[in-house]
Amino acid sequence: MTTSEKTAAVIRTSAEEAARSGIWVGIAAITMTFAAFTSAIIVREGTDTAWHHMTLPAVLYLNTLVLILSSITLELSRRPIAARIRGEQGAAGGSRSGVLWLAATLALGLVFLFGQYAAWRQLAAQGLFLATNPSSSFFYVLTAVHGVHLLGGLAALAYLVWKLSLRAPGLRRSTVEATAIYWHFMGGLWIYLLLVMRTRL
Amino acid sequence: MGKFFAVVLTIIALVSAVPIVRHTWWMPPDISTHGHAIDEQLTDTMAEAGFSFLAAQLLLAFFVWKFSERKDSGPIKSLPGGAKGLVIAALILVGTEMLALGVLGQKAWASVYFTPASPNALHVQAQAGQFAFYFRYPGADGKFGGLHPDKIDEGNQNYFGLDPANEVEARDDIVTGELAIPANREVLLLMHSKDVGHSFYVPELRMQQDFVPGLDLSVHFTATKVGRYEIVCTQLCGLGHYNMKAYLNVMAQDDFEKWLKQKASEQ
Amino acid sequence: MQEASAPQAQQGHHGPPEGFIRKYVFSLDHKVIGKQYYALALVAVFIGMILSWLMRYHLIYPNGKIFGLEFLSKVGAPGGVMTPEYYLSLMTMHGTLMVFFVLTNAPFAAFGNYFLPIQIGAEDMAFPRFNMMSFWVTFVAFLVLMTAFFIPDGPPISGWTAYAPLSAVGPDAGPGQGWGQNLWGISIALFCVGSLLGSLNFIATTLDLRAKGMTLMRMPLSTWAWFITACISLLAFAVLLPACLLLVLDRMAGTSFFIPAGLVVSDRLQAHAGGSPLLWQHLFWFFGHPEVYIAILPAMGIVSHILVNSIRRPLLSAKVIIYSMMSIGFLSYMVWGHHMFVSGMNPFSSLMFSFPTLTITIPATVMTLIWLGSLYGARIRFTSASLFALGFISMFVSGGVSGFFLAQPSIDIYLHATYFVVGHFHMVMGVAAIFAVFAGTYFWFPKMTGRMMSEGLGKVHFWITFVGTYCIFMPFHYLGLAGNVRRYSSFVDDFLLPLMPVHRFITIAALITGAAQFIFLYNLIYSRFRGKVAPVNPWEATSLEWTIPSPPPWNNFGDRHPIVYHDPHQYGVKGSLGDYVMQDSPEKIENES
Amino acid sequence: MKVNHILMSGIAVLAAAAMAVAAPGSGTVSGKVTYEGTPAKQKPIDMSKEPSCAKEHATPITTEGVVTGAGNTLENVVVYISAGAPDGATAPAQAVTVTQKGCQYVPHLVALQVNQELKIVNEDQTSHNIHPLAKSNREWNKSQPPGSPAISEKFDKEEFIAVKCNIHPWMHSTFAVLKTSHYSVTANGGAFTLPNLPPGKYTISAWHESYGTQTQDVTITGSETKSISFVFKAKAY
């Protein structure tokens, strides 16, 4: 093994670790952002004399199920993909199932976003817009910001599906793991937000 | 070079301290009953801060002087006591100092914020708006009229948005551009902001408090010296911020009553 | 290198850059990105300084004409006479430029990007693409902010703290509060994104890309400072971002997060209700106070790194410095309320915020004492870099002691919003951090460009700047003690008129000191092209950046993968090269801990 | 000094009226504006915040929301032809000037034509700020430090624009921007004249900043002088 190969090896492993710790650092930042939003809601509610509570659109609960489901499909996809990356013999079929599960996750993610959009339409139909009252303001802001973060996850999933279905080389295990961690975090974050909105807004 | 640095630094440190010691530019004399606590606190802090400042700067100068361009190549000496000594020193010195200040500070702070206004305090409402203060006395009935933002009409001196047409309480409210108060009587200042954030600052009174829109705060104080002092805004409130001021007019009790009558007749 | 570059390409790591664009513009190379950050900060700092000149001049000649100003803004300076609102516009831009684009970029993003990977023996940052993005997002943020100068209303007038509702109600609040404030909000939001990407990179890189033998405790203090700062800024900017989002929504979408009911601005009843101005202050200062340490911690690290080299002996304890920086970083999240003592916060919480604030002085004092104590028995070498490092210590002390006053709510009643505060933060956060940047520049310029800077010019620059900054900022404290209110575009109050001589003195000092900065600029540009060619290790320093060519190749260590044997402060020892031993040299050192 | 300004602008207005008419007729509408009831009390203005202005007034000046003359006459009423006017569309060349002096607008109210130049002068030792709170015209907000040149502006739509100085809250004025050249601002005595009217049917409007608008129709035949009068209801509050 020449030095440069060693170099490459060292860099490979360290880059893998970097991707892992990177995703956790990112999650820390996102958590902080939503912590800020939460405290904003609490302060805002405390100072408002006429705080309008709102009933959340029912479709949100459906969306929640969809998102939980997507996390499950994502887990199902991981073992075959891992096998595929390790380049095990006969993992080809496994890999296809992996891609399928991953595609399912992607689809469910999109369904969730459309569900969120539907929820917005419902509120708009009730005459609740971004600026109508504090509750609606926070509802739109929280769902929108969460949605934007979720889009990032979807992009990552799409990238993985593309890589795997093309059998393109150079897909890193850490990329898959990072995506998975992020996606699950998005699910957990959504459930947290739902609780906050349910109790506060 | 090192010796030069030491000299320059020493000069800077000593010269900086002169105006402080000689009180060349200093707080104006205090005219409030609570101010002395703040002044003492500030003087104590100045003593400790001033000491730390001089000590550190002069020590830096001294070491730089002593250890610049040492030629001998013997093994390096280290400060007796080393890091542990310094850390302990810092903890003890600064820790106790700061704690002391913190505790003392509470006393001065408490004297302003943790004592309720006396029941017979004079109630005055102060309204801050871009870019002037206006003050309101309840008038004969001792009641303030309600505030109706939609009724505000500055061109006709209705700065508060009173509604005398429909509210009897509002008719005898006395609105003025200066804050006149009797000496040695406690004043409860009810603070209301018309538009954005402002602040009520009278250096002589040792009093500063923000006006927060939508949050009506109050401060209470007792002025002891008759005289005319400036009230200035210290919270950036827009283009006229620099020009936003009014006068605090501390009067003898009977002068104050005369003044109030005269103002009442102008309404 | 061939076999190596293939797998690297897969790793998201990049091969040697090809073409001008990849080399100098959209470069993935942390060194180029570091230089780009430095250049941006340099542009920003000179704009900011010229703004401060204009403000200082206006303060002593409120009705004086300033030649050419009317060409910059016809409305802001009719006939060259600065209007009150234009003064506030310049003040806002000065603060925003200096705090965000200079004090956050130069010591942290610029030097950190360039030297953190090298000092830990890495080939590049963990995520080069994020790294490139973080700079270009920051650059766009800068452009967006600058646009405010060229719109009809001019830049915002609500200060760099953008207190609501002044910043939230829109054009009614005054000139500049229309699109000017929108641009400000958008710019800062973008800046947050850039900083978040950067911090993420710094953290991941430090945790995962350290060379063999580079234990955490063997990292140079500068790297430690950048790492801790990255952790702080990750959490701080993650809070400012949503705050800016809500502010922009209040302004552009008619929401009421920060605007209460019944406000009458410019005779117009505002159609908002229920918002809380204090909410903005809490969110802003929750970011704003850590931001102070985002500016000063890297400065501390850089200074420690340079000081130890110029005193030719180890610090009394590097560990203590590291722990102090950590505790400062940690405490910085528990003290934001000390900016709001007189803001109508619950008076009890004022006391709760006062204690941790006072506590911060302990680690700060410890560090200062370590620096001072380390001078004892040293063999100080006086380069421009070491002079600025020593100057930093002096400035940090001077600016720090005034913190004693402002940390106490009772004294803050009198000193809040006076020039005392301005003097305090300019010295401890502004000048001190800038001194560290100067030190870093004189110290690392040879490595970054392969040429030495002129020591003669450097020293002239130091002496004028050192004395000058004291002449500018010490008197600020006196003004504050006399009750001189800050953020006034001219002094019309009777009790301020006697202070005008002090203001005149300050303005003259500011003009001279500012002019001296052009010596630095000249030195920078001249040396870049005509300076003496720099050797690999001009300062006889020990850390890894001095083991590679100046300037370093695109992949820093070439084929070599450094292995680290010592901590970075092996000065004053018997080494094969002299009184120091490089971090990666295998030679034994007697009684090494 | 103040009277002077009013005269000057009065003359300017008449001149404007005279020259802007396309086909000068010989009819005239004239009369008085009065009020009935008790007008709101005009309160003294406290200028202590701006000493340089305060010392220009021996006795504190009062608000000018309702300025009355002998015999219940009403000043600062804009009387103009709101309909049926022979349109002297082209704006007169010479500018209307409003001066900020002693921290008040002199005159308190200016009438001008669409696209006629308005000159704003600051004679005080302090910065002023002119902020026309326009609705149909373009709103602007400019400060005017002492020693800076006069501000020159035009308005392209008909509107009664409320004007304020952001730095001195008590300073309020009105820019009455009119389509017609046939207008008159009542001064001391509450009298107005609209000369040079060709025969025709006109609607005459009278506008007052506190009491709003009243209108009357008159028909001019030949070179007569119709005299009409407006009476506003005054309220104490």
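First chain written, first letter: the chains are A, B, C and D, and each begins at residue 1.
One rule holds in what follows: a contact is a pair of C-beta atoms (placed from the backbone, for glycine too) under 8 Å apart; a residue touches a chain by one contact, two chains touch by 3 or more.
This structure is a prediction, so every number in the text was calculated from the model and none was measured.
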Starting at subunit A, what is the smallest number of hops through touching chains needed to reach subunit D? 2
Min distance from chain CA centroid to global CA centroid: chain C
If you average the Cα atoms per chain, which one ends up farthest from subunit A? D
By number of C-beta contact pairs, the top two chains: B-C
Measure off the straight-line distance from the CA centroid of subunit C to the CA centroid of subunit D, and report it in whole Å. 55
Separation of the C-alpha centres, subunit B versus subunit C, in whole Å, is 30
Where the CA atoms of subunit B average out and where those of subunit D average out, how many Å apart are those spots? 45
Intercentroid distance (Cα basis), subunit C paired with subunit A, Å: 34
Indicate the residues of subunit C shared as contacts by at least two other chains. 83-85, 174-175, 260, 266-267, 275-276, 278, 492
Where subunit A touches two or more other chains at once, the residues are 47
Identify all positions of subunit D at which a residue touches two or more other chains, and write them in rising order. 126-127, 143, 164, 166-167
Give every touching pair of chains, nothing left out. A-C, B-C, B-D, C-D
Partner subunit D, residues of subunit C touching it in the complex: 62-63, 65, 75, 78-79, 81-86, 171, 174-175, 266-268, 492
List of subunit B residues in touch with subunit C within their complex: 1-2, 5, 8-9, 12, 16, 19-20, 24-28, 37-38, 41-42, 45-46, 48-50, 52-53, 56-57, 59-60, 63-64, 67-70, 73, 75-79, 82-83, 86-87, 89-91, 93-95, 98-99, 101-102, 105-109, 112-114, 129-130, 147, 149-150, 152, 154, 161, 194-197, 199, 201, 203, 206-210, 212-215, 217, 230, 232-243, 245
Touching subunit D in the complex, subunit B uses residues 129-132, 153-157, 159, 164-165, 171, 176-178, 238-240, 243-247, 266-267
Show which residues of subunit C lie in contact with subunit A when the two form their complex. 1-4, 6-13, 122-123, 126-127, 196, 199-201, 203-205, 207-209, 212, 234-235, 237-239, 241-243, 245-246, 249, 253-257, 260, 273-276, 278-279, 282-283, 286, 559-561
Residues of subunit A defined as touching subunit C within the complex: 2-12, 14-15, 17-19, 21-22, 25-26, 28-30, 32-33, 35-37, 39-40, 43-44, 47-51, 130-131, 133-134, 137, 141, 145, 169-170, 172
